[in-house]
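The structure appears right after this line, and notes come after that.
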Amino acid sequence: MDPQAETPVLAVVGVAKSFGPVQVLHQIGLRLEAGQVHAIIGENGAGKSTLMKILSGYHHPTEGQVVLDGQPITLSGGPDGEARGIVLIHQEFNLAEHLTVEENIFLGRELTRGPFLDKARMRRMTREWLDALECRVPATARVADLSVSDKQMVEIAKATSRRLRVLIMDEPTAVLTPTEAAALFRLIDRLKAQGVAIAYISHKLDEVKAVADRVTVLRDGRLVASRAAAELSQDDMAHLMVGRELADLYPAKAPPSAEAEVVLEVAGLGVPGLVEGVSFALRRGEILGFAGLIGAGRTELVEGLVGLRPKTGRVRRRGREVALRDARDAVAERIVYLTEDRKGKGLLLDMQMAPNVTLLALDRLCPGPFLDARAETKALDRAVATFDVRAGRRDLAVRALSGGNQQKLMLAKVMEIDPEIVIFDEPTRGIDIGTKQQIYHFIAEAAAQGRACIVISSELPEVIGLCHRVAVMRAGRLAGILEGGDVNEGEIVRYATGLKTSEMKGAA
Amino acid sequence: MTAVPQPKPARLPFRLDLRLAAPLIALVALFILGALVNSAFLSTGNLTNVLTRSAFIAIIAVGATFVITAGGLDLSVGAMAAFVSGVMIIAMNWLMREFGAGWGTVVLGMLVGIVVGAAAGLVNGLVITRGRIEAFIVTLGTMGIYRSLVTYLADGGTLSLNTQLRAVYRPVYYEGMLGIPWPLWVLAVVGAVGAMLLYFTRFGRYCFAIGSNEDVARYSAINIDRIKTLTYVLQGVCVAIACLIYVPRLGSASATTGLLWELEAITAVIIGGTALKGGYGRIGGSIIGAVTLALIGNIMNLSNMVSEYLNGAVQGLIIVAAVLLQRSIAARK
Amino acid sequence: MLRKIGLTAALATALMIGQAAAQEAKNVVMGVSIPAATHGWAGGLNFHAKRTAELLQKRYPGLKVIVKPAASATVQANDLEDLVTVQKINALVVLPFESDPLTAPVQQVKKSGAFITVVDRGLKDPTIQDVYVAGNNPELGRVSGEYIKGRLNGKGNIVVLRGIPTVIDDERVKAFEEAIKGTEIKVLDKQYANWNRDDGFKVMQDYLARFPKIDAVWAQDDDIAVGVLEALKQAKREGEMFVVGGAGMKEMIKRVMDGDKLIPVDVLYPPAMISTAMEVTALNFYAGAPVRGTYVIGAPLITKENAKEYYFPDSPF
């Protein structure tokens, strides 16, 4: 560690944390300096969130101290931290859905004039803070009506509206569009200039490289490195996080031949109000990417395709027209969809692993009316062996698994029906880089086995590194399908932002 | 992210399911209370009375366990019981003219009851799933409908089974086999079949899945409408089975039959450890819950501890205490 | 002016005068507000109200009768408002759920100019009513108590099954206790059985488990008595005691008539009193002379000797 002349605003010294017999943090020392962005990176389960919660007062360290302005302190909880100017922006939002933006920002510390609320003043101040974030949301909008990214902006505005000394952000750009992320980075620059100390957690190493002054890497609850950002390349960071080389993040591409059978043809597919006139074809062994901005209608498109939403247009399976009115029809045609909403729509969080793995294929695994415990155990064995699902115990509720393991479990679940077409929606969101690599290889392997894959992703490097062709969507329509040398960041962004369009007629 | 594996105590070679043991412990506590209140409590006669009495609610609660586990609710069961009993009595009285006052008539009447119960459940299920209306509203509506229908059938009075038929049918409630009354045998069979359906069939698994997250179930290609409708049909059949042993008890049905049974059944299910929001169900627990409720009423009748004006308050207190005890034991898991 | 007339007498008079005035086709709307059929007695009440409504409408062509059963005192208060504003009634026949809460709503109806007939339970302010057809709840309790006292020679163990916690139930139980005061009759316990057969069965089962020696049961109501009898039959203790019900359910009167040892008597509390009230109210408009005053319907003891007079096999109750 570099010798630091100044006293840090907030620091932890020799911090360890255990939950029961499980130690999740070992002897961590960390300094957050005024006017600096300190990035904290690590794989899922490395202890980042726990560390952040200790910094902001939500958890108490088992050993060691939290030091504010050189004085050891004991925070009694999140509100106590906030009162001292330490604000944590959660991954899950802390907003009252049914109140307006301004009501949320002033919640619990409303401005008053006499016995009445001073609404005019609160509205004016809210406007100023939102403007600083380049956020166009009206101060009187109900939070429930906002998009996810706008909610995040409101959350940040709420944090900046306080006497802010330390801002801790946990994956702030996960739900932001590139434009919104750029606005956030400009805000971070302004906060730095005001002397705010910022802790920044992210999985996106390019972002970390761009925004951080200092990078601390955690692995398995231990601090493995803490260096100036300038000294570390993105590759270095990745190596430090996983502790091994990640030379082949993406598997080698093996596009199907031009003669490969067309297994799916979509013509003029629409989802009322959201998607219109999308046509494409998919071949055996192909990985087709879907890129586009958040809200471009990619998820809605595939949900319409597999019958989870009402749709218009035609779908042909091996040349034969199929209706696909609900997920059962899709499964009968051996088409499966892995939702982007793992926790809300993908897994039964309070149930154990086995029932989750077998849920989709239960009528295949247990053909009679009765359950077959042995068949279910075997299915879980297969999931663990094939997809490397790691869990301490098999009877754990799925809720207790890490995001990466949940994603693998979902993958195992859909593979149980031996699908021919697999649709992945944001398959690596919120997952650490080591698991990401594994999932890329699973997808490539599925394609190599002759399955056709669709991958929706908002991470361009992923789409470019993994997919044979890339369809780009914009505002509910297909803007273009790129292949070969055209599959690059510049082209995709041009199509996604509307700088370029191509007339699509039928399948590309 | 960073999901920290929750610390777990070391596993015993055999582990008691505390969520099931908890209601049992509450029940044992009540037994001790009962024995302290009055020595007559533990007499075979009294215990047989209470257990037999609890059979109706217990059988209905078995059905309610399916509905609630799958995330639904059926408020119409009490009214449905009155309606099914009424129709059964009318059918038996009518059939007697054709087939005489014998077992043939009684058995045919029972079949009519089962069909009517299943149909009443089917109506609930279809309106809820096809109409996409909250179960609470639909079954509140059918509760009024079934209750008025029986009032209408009885002309505001009481429907009574023909005296001769009554004599044939009466032993179904009052007699038994191996010293155990028939209602308890029926309950045992319903409980065993219910447990088998809920724990060991795909249907049961789908009930759990739908109750714990309907979206996940939909994305997992489960036919939600069919499964949910089936739970209501099953509830209707359970109500009808309860009626099969209810009618021979007093041989009559009126607008007051089955009053508040829906609340008793739901309470029994919750005491038994089933989650009211769905996703977790326990058949055995529901039966224990029904017995618990009957015991509380019995203990109140056997004691002079409080004025009869306060009976309701004491019953309420004991129910809340039983659930508290149960939850605090379950939480220690 | 207080007139005491028997129920049957009133009906007969009403019929006679009614027929005489049938030609007069005056337009009158009569509202009838009564508790809904939530137990056997109330079921009988509803039956008689509806039957009488049809009868009266046939007899007086200009008369329209609206029967509104209410499930609670609150609902009944709402019904009264609707009857005035929507139906524009000229006369109201009301059997109030509870005396106190319904006094003010009935007063409002009175202000609209309607003729008011109160049945069974009196209002707080007796000046509101034009006619009062009074049931006599204390009398029912007293008659039952006197009978049990006499039959047991002032000595023995009895159990009491109460109705639904209401003023009616209280009045009956108080008068009953008054009647057996000073004797050596011991009330072992009293519990609510809600005028309901199932509850009567359950409570009696528990009494039987608890008390080895019971000489008499006061079930207060014939529906409760049905459940009590079933519990006795199950426990095979029918020979040990007798049961006194109340209201006058036809099955019970039959048993009294047949000399059943278990049911030696019944105490009449006829739901048909609503018919009397409706008939009298109609007379006020069609008989030419105003009708005013209080009609008290007694609670006579039905015994083997007089049971025949009270037995109507076609009645639903």
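Each chain carries a letter (A, B and C) given by its place in the written order, and its residues are counted from 1.
The rule we apply is simple: a residue touches a chain if its C-beta (ideal position, glycine included) is under 8 Å from a C-beta of that chain, and two chains touch if they have at least 3 such contacts.
Nothing here was measured: the structure is a model prediction, and the numbers come from that model.
Put simply, the chain farthest from subunit A by mean CA position is C. Compare each chain's C-alpha centroid with the centroid of every protein C-alpha atom shown, and the nearest one belongs to B. Between subunit B and subunit C, the centres computed from C-alpha atoms are 35 Å apart. Subunit A and subunit C have CA centres that are 72 Å apart.
Subunit A and subunit B, compared by their mean Cα positions, are separated by 45 Å.
On the subunit A side of its complex with subunit B, the touching residues are 19-22, 24, 44-50, 91, 171, 308, 326-328, 330-331, 337, 339, 341, 344-351, 355, 359-360, 362-363, 366, 369-371, 391-393, 396, 399-403, 413, 430. Residues 38, 40-41, 43, 45-46, 49, 53, 151, 154-158, 160, 174, 249-250, 252, 254-257, 259, 297-298, 300-302, 304, 308-309, 311 of subunit B touch subunit C in their complex. On the subunit B side of its complex with subunit A, the touching residues are 1-8, 199-206, 208-209, 212-213, 215-223, 279-280. The touching residues of subunit C, when paired with subunit B in their complex, are 37-40, 42-44, 46-47, 162, 165, 189-192, 194-198, 201-203, 205-207, 209-210, 223, 226-227, 230, 234-235, 251, 316-317.
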